[in-house]
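Down below are the structures I want you to see.
Here chain A shows up in two complexes: once beside chain B, once beside chain C.
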Partner chain A sequence: MTAITTAAPAAAETSRNLTRTLLIGLLLLAAALPFLVGKSGFISNFTFLQLSLMIVYAIAVLGLNLLTGFNGQISLGHGAFFAVGAYTAAILIEHCGVNYWLTLPAAALICFVVGYLFGLPALRLEGHYLALATFGLAIAVPQMLKYKHLEPLTNGVMGINLLKPDAPFGLPLSGDQWMYLVVLVVAVAMFWMARNLLNSRPGRAMVAIRDHTLAAGTMGIDTSRYKATVFGISALYVGVAGALHAIIFEFVSPDSFRFELSIAILVGAVVGGVASLPGAVIGGIFVQFIEKYADAMTKKLTQAIHLPLELQPWTLYGITLIVLIYVMPGGIAGGLAALWARLRRPKSG
Partner chain B sequence: MEQLIQQIASGLASGAIYALVALALVMIFTATDHLNFAQGEMAMFSTYICWQLIQWGFPFWPALGFTILFSFLLGVAIERVILRPLHNASVLSIVVVFIGLLAIFHSLAGGIWSHTIKNFPSPFPNVTFAGSGYIGAHQIGMILVSLLMLFALFAFFRFTPLGLAMRAAAQNPVSARLVGVKVDWMLALGWGLAAAVGAVAGAMVAPVVYLEPNMMASILLYGFAGALVGGISNPAGAVFGGFLVGVLENLVAYFGNLTEKTFGIYIVGNGEKLTVALIIVITILTLKPAGLFGRTTVRRV
Partner chain C sequence: MAPLLEISGLRAYYGATEALHGLSFSIAQGGITTLLGANGAGKTTTLRAISGLVRREGSIVFDGRPIDKMATEDITRLGVAHVPEGRGTFVGLSVEENLKIASYGRRDKSGVRRDLDLVFTYFPRLKERIAQQAGTLSGGEQQMLAISRALMLGPRLMLLDEPSFGLAPLIVQEIFQIMRRINEEAGVSMLLVEQNAALALNLAENAYVLETGNVVMAGPSAELKNDEGIRKSYLGY
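Then we have the complex of A and B:
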C-alpha cells in the first residue's frame, strides 16, 4: 500500500518531465523548420502562411478559452476584439509608420481596455444574457468599422492594405517564413503566460468563480473585478491574434470580421475543449483547416453520398458543434485525456 | 412634420416584425429559459419554403399555411430530437447547440436556394387610400397580421385547455406533471408555435428586405431588443417592445438626419442601425434586466 502511494507521485513526475522534454523538442523543431527547408521550396511560402494562421487562431481560441472555459463567461462576440486588434495594427502601420512588432503590445493594451470596459456592464449578465450581449456585438461590428467619422482612419469599406515585413539581419528567410517564426514565438510566450496565470492564485480564483460564483465571493474573491479583468485579458489575447492576422494577411476590411469569425473562434474552442490549453492549439488548427479545406471536403462528401444538394462548410460546422456537445463535451482535448486515462488504468484495478 | 409621421408609421411597420420575432423568442424563453439564437435562421428557412411553394404555383395564403404547418413540425422535431437530451446541460452547451443550428439552417438555405437575393411577393393588394402617402398597404398588412397573431396566441393561451396546460408546464413543471400535464410535449409544442410565429414574421418581412440567407440576422437582434425592452417573460410586453424598438430605430435615423442637415454634423444614420440595437440591448440588460413589464425572478441559491 505504502509502496504505491510513494511511487505514484514519482511516476507522475517522470511523465511530466517526459511531456515537457517532448514539448520543447517539438517547439524547437517547429522553430528550425524554416531554416531547414530554407528557400528550397520544399515547404512553400503558402504553407508557412497557413501554419502561421493556424497558430494565430490558436491564440484567439486560447483567449476565448480563458474567458469561457476557465471563467465561465460565454462570448459569441470575440470576433469584435479580433477586429479591434487587427485594425489597431493596421492603422498604426499605415498612418503612423510604426514598426510592425510594436503594434502587438499596442493592440494588446487597447484590446485589454476595450475588453475590460465591455466586461463592466457584462458583469451583471450571465449565461444566456451575456451570450446575447456579445451576439449583438458580433453582429454590429462590421457596421461600427464603417462608421463615417472613423473613415479617415479605417478607410471605410475599402479596408487597409499592408506590406508583409521582410526578414531582418539578412536572415536567409522569406517574409512568410520570418512571420511564421514571429507568430510562433509570440504564441509560445502567450501560452506560457496563460499556463502560469492559471497555475497561480488569480487563476484558481478564476476557476472558482466559474464553478460557483457565490461561493467564490463568500471566500473573499472580488468576483466582479476578476470577471471584468478576465474579460480584458481574454480580449487582449484575441486582440494580439488579430494584430498578427492583419500583419501576415496584409489586409483588413470590415467584412473580414463578420459574425462568422466569432463563430469560428467559438467552434475552435468547443472542438478543442474549452477548459484546456492544448485544446486551444487543436481548436486553432481546426479553424484554419475548416476554412481552407471545408469547401473541397464538403464537395467530395456531397459526391460520395450522392446528396441532391450542395453541402456547405457551415453545415459541417453546425453538425460538428452539435455532435461534439453530445459525444465529447470536453472537446477533442478532453476526449483524448479521458481515453488516455482509461488506457493507463491498470487492468486489475 | 410630415416626414416625422412617415418615419413613425414605417417604424410601426418594421416594429410589427420585431414584435413577431420577439413573441417567438418569448415563447421559447418562458417555457425553457433559453434564448434561441437560431430563431432568425429558422424563420428565414421557413420563408424560403414559402417562396419555393409560391414558385411551384401555389397562391400566397395556402403556401403560407403549409409553411406554418411545416415550421411547426420542424420546431417540434428540433426540440424532441436535439434539445431534449440536453435537458440538464450547461448554458454553454445549449448556446453552442443553438449556434450550431444557426449555422446549419443558414448554410442549408444558401446551399439549396443559393445566396442570390430573391424577390418575395407581397400578399396585400397595392391600393391607394387616405394616408397612403404615409404608409404602404404592405406595411398596414404587416401590422394587422402581427396584431392578429398576438390575439390568436392570447386567445389560445387564455381560453383553451391546451394553452392552460402549456402555461402550467412553463410556470411550474413539477406540479403540472403531477396533475397529468405532459410537460415534455408542452415544451415541444412551445417550440413548434415559436417556429410557426417565426415563419409568419419571415413571410411578412421578406417583401421588404428581400429574401436571402442573411435577411434575419439584424431583425433577430432587433427582436431580442424588443423582447428585452418589454420584458422577456411577458408576451404582450414583448410585442409592445417590438413596436417601440421599431419606432425608436426610425426616430434615431430621422433625428440623426436632422442634426446633419441643421448642424452639419453626422452622428448617426442608417449605417448605425445595428449599433443602436446593440446599445438598446446592453442598456436594458444592465439597467433593467426584467424589462418594462417583465417579472423579476428571484432565485434560491
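Then we have the complex of A and C:
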C-alpha cells in the first residue's frame, strides 16, 4: 500500500513531464514546418491554408468549450461571434487601413463586449431556452450584415475581398506559410491563457457554476456576473478565430457565416470532447476535415464497397457522428484518455 | 439576548406563485432550530428566501442587519452558509477544490488553513479522499463535503436542507452527531430543515411546524415531541 501511494505521484509527475516534452517538441516541429519546406512546394500553399483553418476552428471550438464545457451554458449561435470577429477585421483593414495583426485585439474586444451584453439577458435562460435564443443569434446576424444602411461598411451580400499579407523581414516564406505561423502562435497563446484560466480560482468557480449553480451561489460566487463574463470570454475566442479566418481566407460575406457554422462549432466541441483542451484541437480538425472531405469520402465509399444505392453527401458525416457519440460519449479526447488508462492498467489489477 | 435571525412577514415567490405567505419566526444565538412540515410546506423555500435564492418580500434581519435586499454572495459573506438540498456537489472538481471554492472570497490565508484543518478533525474521511473527484464520493461523503464546504465559509449560521436525505440510518446518525459537535464546539448556530421529524427534534432545541407557507406551531422540541395531537397531525409518527 505504501509503495503504491509513494510511487503513484512520481509516476504521474513523469507522465506529465513526458506529455509536456512531447507537446513542446510537436509545436516546435509545427513552427519549423514552413521553414523546412520553404518554396520547394513539397507541402502546397493550399495545404498550409487548410492547416491554418484547422487551427482557427480549434480556437473557435475552444471558445465554445469554455462556455459550454466548463461553464454549462449551451450556445447554438457562436457562428455569429465568428462573423462579428471576421467583419471587424475585414472592415478595419478595408476601410481604415489597419495593420492585420492589430485587428485581432480589436475583434477580441468587440466580441467580448457583444458576448457579455448577450450573456446578460441570457442569464434568465437555461438549457433548451438558451439554445434557442443563441440559435436566433446565428440566424439573425448574417442577415443583419446585409442591411442596406450597413452596406457602405459591409458591402452587402458581395462581401469584402482582402489581400493576404506577405511575410515580413524578407523571410523566405509564402503568404500562406507566414499566416500559418501567425495563426499557430496566436492559437498557442490562446490555449495557454485558457489553461491558466481554468487552473485558477475563477476557472474552478466556472466549473462549480456548471456543476451546481445554486450551490456555487451559496459559496459566495457571484454567478450572474461570472456567467455573463464567461459568455464574453467565449465570444472573444470565437471572434479572434473569425478575424484570423477573414485574413487567411481573404474574404468575408454574410453567407460564409450561416447558421451551419454555429452547428459545426458545437459539433466540433462535442466530437472533440467537451470540457477538454486537447478535445478542442481535435474538434477543430474535425470541423475543417468534415467540411472539406465528407462529400468526397461519401462518394469514394459508395464506389469502394459497390453500394447499390447512391449515398447522398453528408450521409457519412451523419453516420460518423452517430457512431462517435455512441462509442465515445466523452468525445474523441475522452475516448482516447479512457483507452490510454485501460492500456496502462496492469493486467493483474 | 437579541436573536441571531429574525424573520417577519416573509413572502417568497416562484414566478407569479406565492410559496410563503408571511412567515415570522426567530432563531436564538448559538442554538439549533428546526423547520418541520410535509412536502410542499415551504421549508426549502424558507431557507432559499433567507439566502436570497428566490424572490422574496418581508423583513429578514441577521445579527441586527437587514439582509432581505442583499444578493446571495453578500449574505454568504456575512456568515450565513447554505447547505443546499441534494448536497450540491461540484462533481467535476476534487474534494480539495470543492473545499477551496468556499474560501474564494476570503483574504485571510491562515484562517482558511485553520478552517481546513478544523474540517478534517470533524470529517477525517474527507482528508483521505482529498484528491478524489467529488462526483465519485458516496452519498454520505458528499453530505459531509457539503457541510464542510459550508464550514469553510467561517459561518455563524448554517442553513441545512435535509442533510439526511437518501442516506443510510447509520451514516445519518454519524453526520447528526458531528453537526451537534460543530454547533457546540465551533459555536455555529443552525437552522435545520428535515423530513425526519424524530431525528430533527432530538437535535434541535426549538421547532417550527410549517403548513402550506405558514407557521402553524412553534415551541421547544421537547414539548412538540410529547404533544400527541401535534405528533399525529404534523409529524406522522
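In this text, the second predicted complex is superposed on the first by the 325 of 349 C-alpha atoms of A that agree within 3 Å, B and C clash if a C-alpha of one lies under 4 Å from a C-alpha of the other, contacts with A are read in each partner's own complex, and residues count from 1 in each chain.
Keep this in mind: a contact is a pair of C-beta atoms (placed from the backbone, for glycine too) under 8 Å apart; a residue touches a chain by one contact, two chains touch by 3 or more.
Remember, predicted model here, so these are calculated numbers, not experimental data.
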- prompt: Which holds for A:Y147: it touches chain B only (first), chain C only (second), both, or neither?
  reply: first
Query: So, does A:L343 touch the first partner chain B, the second partner chain C, both, or neither?
result: neither
Task: In the overlay, answer first, second, both or neither for which of chain B and chain C A:R204 touches.
output: second
Message: Can you tell me whether chain B or chain C touches more residues on chain A?
response: B
- prompt: After superposition on the shared chain, which partner residues are touched by A:D222: those of chain B (first), chain C (second), both, or neither?
  reply: second
Message: If we overlay the two complexes on their shared chain A, which of chain B and chain C does A:A131 touch? Say first, second, both or neither.
response: first
Message: So in the superposed three-chain picture, is A:I305 touching just chain B, just chain C, both, or none of them (first/second/both/neither)?
response: neither
Query: After superposition on the shared chain, which partner residues are touched by A:L214: those of chain B (first), chain C (second), both, or neither?
result: both
Query: Which parts of chain A are in contact with chain B and also with chain C?
result: 214
In the complex with chain A, residue positions of chain C that touch it: 51, 53, 71-73, 76-77, 81-84, 87-93, 97-98, 100-102, 104-105, 146, 149-150, 153
Message: Quick check on the complex: what are the chain A residues that touch chain B?
response: 68, 74, 76, 121, 124-125, 127-129, 131-133, 135-137, 139-140, 143-144, 146-149, 214, 259, 263, 266, 270, 274, 309-315, 317-322, 325-326, 329
Statement: In the complex, chain A touches chain C at residues 201, 204-205, 207-208, 210-212, 214-223, 275
Task: Spell out the residues on chain B that touch chain A in their complex, using ranges where they run on.
output: 33-35, 37, 82, 85-86, 89, 91-97, 99-108, 110-112, 217-218, 221, 224, 228, 266, 269, 271-275, 277-278, 281-282, 285-286, 289, 301
